[in-house]
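Here the chain labels run A, B, C and D in written order, and each chain numbers its own residues starting at 1.
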Amino acid sequence: MNITIFNEYHPNEHTGKAEKNYPGGIHIALKSIFESEEYDVVTATQEQACNGLTDEILDNTDVLLWWSKNWDNELLNSVADKVVSRIREGMGAVFLHSAKNSKPFLRLTGTTSATAPVSWKEPGESERLFVVSPAHPIAEGIPSGYVIPNEEPYCEYFDIPKPDDIVFLGGFGNGMCIRAGVTFTRGAGKIFFFQPGHDSFPVYNDKVIRRIILNAVNWAKPVAKPAPIAEETKPEQTGFKARVKKLFK
Amino acid sequence: MNITIFNEYHPNEHTGKAEKNYPGGIHIALKSIFESEEYDVVTATQEQACNGLTDEILDNTDVLLWWSKNWDNELLNSVADKVVSRIREGMGAVFLHSAKNSKPFLRLTGTTSATAPVSWKEPGESERLFVVSPAHPIAEGIPSGYVIPNEEPYCEYFDIPKPDDIVFLGGFGNGMCIRAGVTFTRGAGKIFFFQPGHDSFPVYNDKVIRRIILNAVNWAKPVAKPAPIAEETKPEQTGFKARVKKLFK
Amino acid sequence: MNITIFNEYHPNEHTGKAEKNYPGGIHIALKSIFESEEYDVVTATQEQACNGLTDEILDNTDVLLWWSKNWDNELLNSVADKVVSRIREGMGAVFLHSAKNSKPFLRLTGTTSATAPVSWKEPGESERLFVVSPAHPIAEGIPSGYVIPNEEPYCEYFDIPKPDDIVFLGGFGNGMCIRAGVTFTRGAGKIFFFQPGHDSFPVYNDKVIRRIILNAVNWAKPVAKPAPIAEETKPEQTGFKARVKKLFK
Amino acid sequence: MNITIFNEYHPNEHTGKAEKNYPGGIHIALKSIFESEEYDVVTATQEQACNGLTDEILDNTDVLLWWSKNWDNELLNSVADKVVSRIREGMGAVFLHSAKNSKPFLRLTGTTSATAPVSWKEPGESERLFVVSPAHPIAEGIPSGYVIPNEEPYCEYFDIPKPDDIVFLGGFGNGMCIRAGVTFTRGAGKIFFFQPGHDSFPVYNDKVIRRIILNAVNWAKPVAKPAPIAEETKPEQTGFKARVKKLFK
């Protein structure tokens, strides 16, 4: 499976807590989830030509992971359009954390992705992840009620379309909660949004979170295209003559 | 609109906190929500003949409210069956709190209604109710993030089928959360489950909660049955002769 | 309720069958559905200034009906953007027939609205409308299996997101079928798409179809905004000090 | 993967067209779908002890296929109960054709499974299967619009809960159509209902139909159970003292 990991890799990520948690960038941490031989992984960052997402790369991508935060508005529209149409054609997509505000996600959902304003301070809040779709492949092996010690709290109302599936709810202290892991489909493409992942906390180094992302990528891989319909099963003509012909042949 | 309020009215409810919160029973408090002239309300309790739900009463019910907790196993099977089939035929139903474990609810959902075990003590936890379907009629006029000061915490995984709509999420302290207001349809019948309402807290006297229940009952009222299909639009015969006849008439 | 009916009113509609079916335009036929005093209706056509959809009109619209076909690409982007954001804020919307390809619908769904290619000739195919959500307000009073004598056949795969509700399926001769009446929500706005309505057939003069459109508009009207949350129920501060303060006050 | 195929194998199936299409019974034809080494298949028929579904067999079943028609009422209640609870615990289930009326399916859905009455004669109607969820694993490799030459027509309204996913719509001549391939989840169990399969037509010998059933079984296999939650991530005590303790530790 060919995986492409897009990370904006804004200068903020080159220093401070983000750099300490994720030396070399979040994309490097995410890449290390897919060490098995069955995965072929490339990374892309926003300062690269074509935001790192050339036609060649997108054409060879089965599933795209996306982390972004500060540079969403600066993403090339042509790149956003291509990502959107590749997803509709079957490319899987996993949007992480603030990537809910990325151009491709917004164009696919038709909503604002806004969440309720929440005041918080470092070191954040602990978040408990509850499995609400235990039959879903993304929940495979994931204990319900798992605690992320420190995370940025996100709170409803979260302005997204009604998801196909809510795989996880996330509950924070003080009663705040959010649909934290949700799926959508657009055309032949499967989409997963996963809320945890503020860059000041080493969430993507947590083995349960890594398992969720691995599950999501496996779930999101495209299904094989159907073989063309054989001549004898093609839609028949629908006009009057064709019917009569059929009736009396 | 004809509303029937079923409350088991177990002896536990005749004394202590429950009695203090709801003199005369929870059904009396719920009844007072529907004081407008457009509603005609009757109440039923489990110790009455036929558990208070005779054919005559059910035949005249547009929406049924249900609160139960201790006597779920003792409900007459014949009553449970009738309630289930009336709902399928269009009667609306609002199941409150522990009524998730009532026979009609379990038979309609096909699940166990189990929730995760939670340890709690009086005076309970404060619960914050978040609106996750702001376009839904049950959310009309309800502020997102409303706080119920004291409630029994319910926690996911809540074993119900995927709801048609999740109108409210409920978040408690310590990160616990639950799909707190959910809808289902079975046949022509609309069903709303609403989690708040432990009898030791005066939740049903809260004006926001009362508005939610009022909204839910209005939403759940049956839609008018269609007029019979006129002769000329009835499904045609599908056999060979009928088709030829049609083609050449 | 304030209703705005948008019809592109392309020159094709001024002559031929379209003009015979709908003298003065499809918007005039649609307007006549809402003759009761409770409705206040204005119409808009694409050649008017701002495509007829000025801020003043949109600000006074509870539900917007939309019919378009030939001029979708020429709709002003600024108008499309405004329609999209008004819908997210609660304005209801009913998109009819080829309006599946209009800019607002495409931006709200994030899909292509493509349908399978179908060859057909005048006088079209008869379509049978089946109610698959009998509890839905849009199906109120509508017989399942109702026959539209002549319509343009639409066929799956219809590239839309998974609808919130499928109210109607439409089945044509020769086995073609389509999700013919589907609902979505975006933010606080309710959206209904209804497939029948090719302009060479007088479908919007059919009383059952008119009832469906009336039901849809009533269903789509905005729910009342919630009152602001009172001070005492506002989200509390979540920092360490606030908690301690609360615990010991 | 361990697959169990239940077929009532009523005497009607031992003779006539059914026997000609499926020598030895429908279960034998279905079994031949799973010839690859990765599948371990056992069959069960209703006249066997415990209807062929002993605890030992059910405990070793990952996915259960079910075909039944004439003997639904005679299924042992104890067997129906066990099947229902195994599915809730994660066993996958594929219900075929008239198995919509089987006790396990009815108990899991809470509905009647009724369909609209349809008059038809041998050799049935041709059915066209449309893929409406192209991203779904059950649709993998399946062309949209595939024609089954002869089948018993089923028609909406089909009284089932709103499915999680509608994978296929089926359209017949004369405008009849049905949600022909639908999924549900109950607890940890995935359920697929597939409408084609009247025993007078050799539908289960068709290679596209066989691919659909193979896909469905692969999709329905249970996800791995989560590892137990480690001590440090267990839900914390929620009482007052525990909080203070936590705050000041």
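Before moving on, here are some points about what is shown:
One rule holds for everything that comes next: a residue touches a chain if its C-beta (ideal position, glycine included) is under 8 Å from a C-beta of that chain, and two chains touch if they have at least 3 such contacts.
All of these numbers come straight from a predicted model, not from anything done at the bench.
The fewest steps needed to get from chain A to chain C, moving only between touching chains, is 1. Look at the CA centroids: the one farthest from the centroid of chain A belongs to B.
Between chain B and chain C, the centres computed from C-alpha atoms are 30 Å apart.
Centroid to centroid, with C-alpha atoms defining each point, chain C and chain D lie 35 Å apart. Residue positions 116, 128, 131, 133-134, 144-145, 147, 155, 162, 164-165, 172-174, 176, 185, 187, 235, 243 of chain C are each in touch with at least two other chains. Contacts between chains leave no pair untouched here, as each chain touches all the others. For chain D in complex with chain B, the touching residues are 84, 88, 107-112, 116, 118-121, 125, 153, 155, 159, 161-162, 164, 172-174, 176, 184-187, 235-239, 243.
Interface residues of chain A facing chain D in the complex, by the touch rule stated above, are 90, 128, 131, 133-137, 139-147, 164-165, 185, 187-190, 222-229, 232-235. Remark: chain A residues 116, 126-128, 130-134, 144-145, 147, 155-158, 162, 165-166, 169-177, 179, 240, 243-244, 247 touch chain B in the complex.
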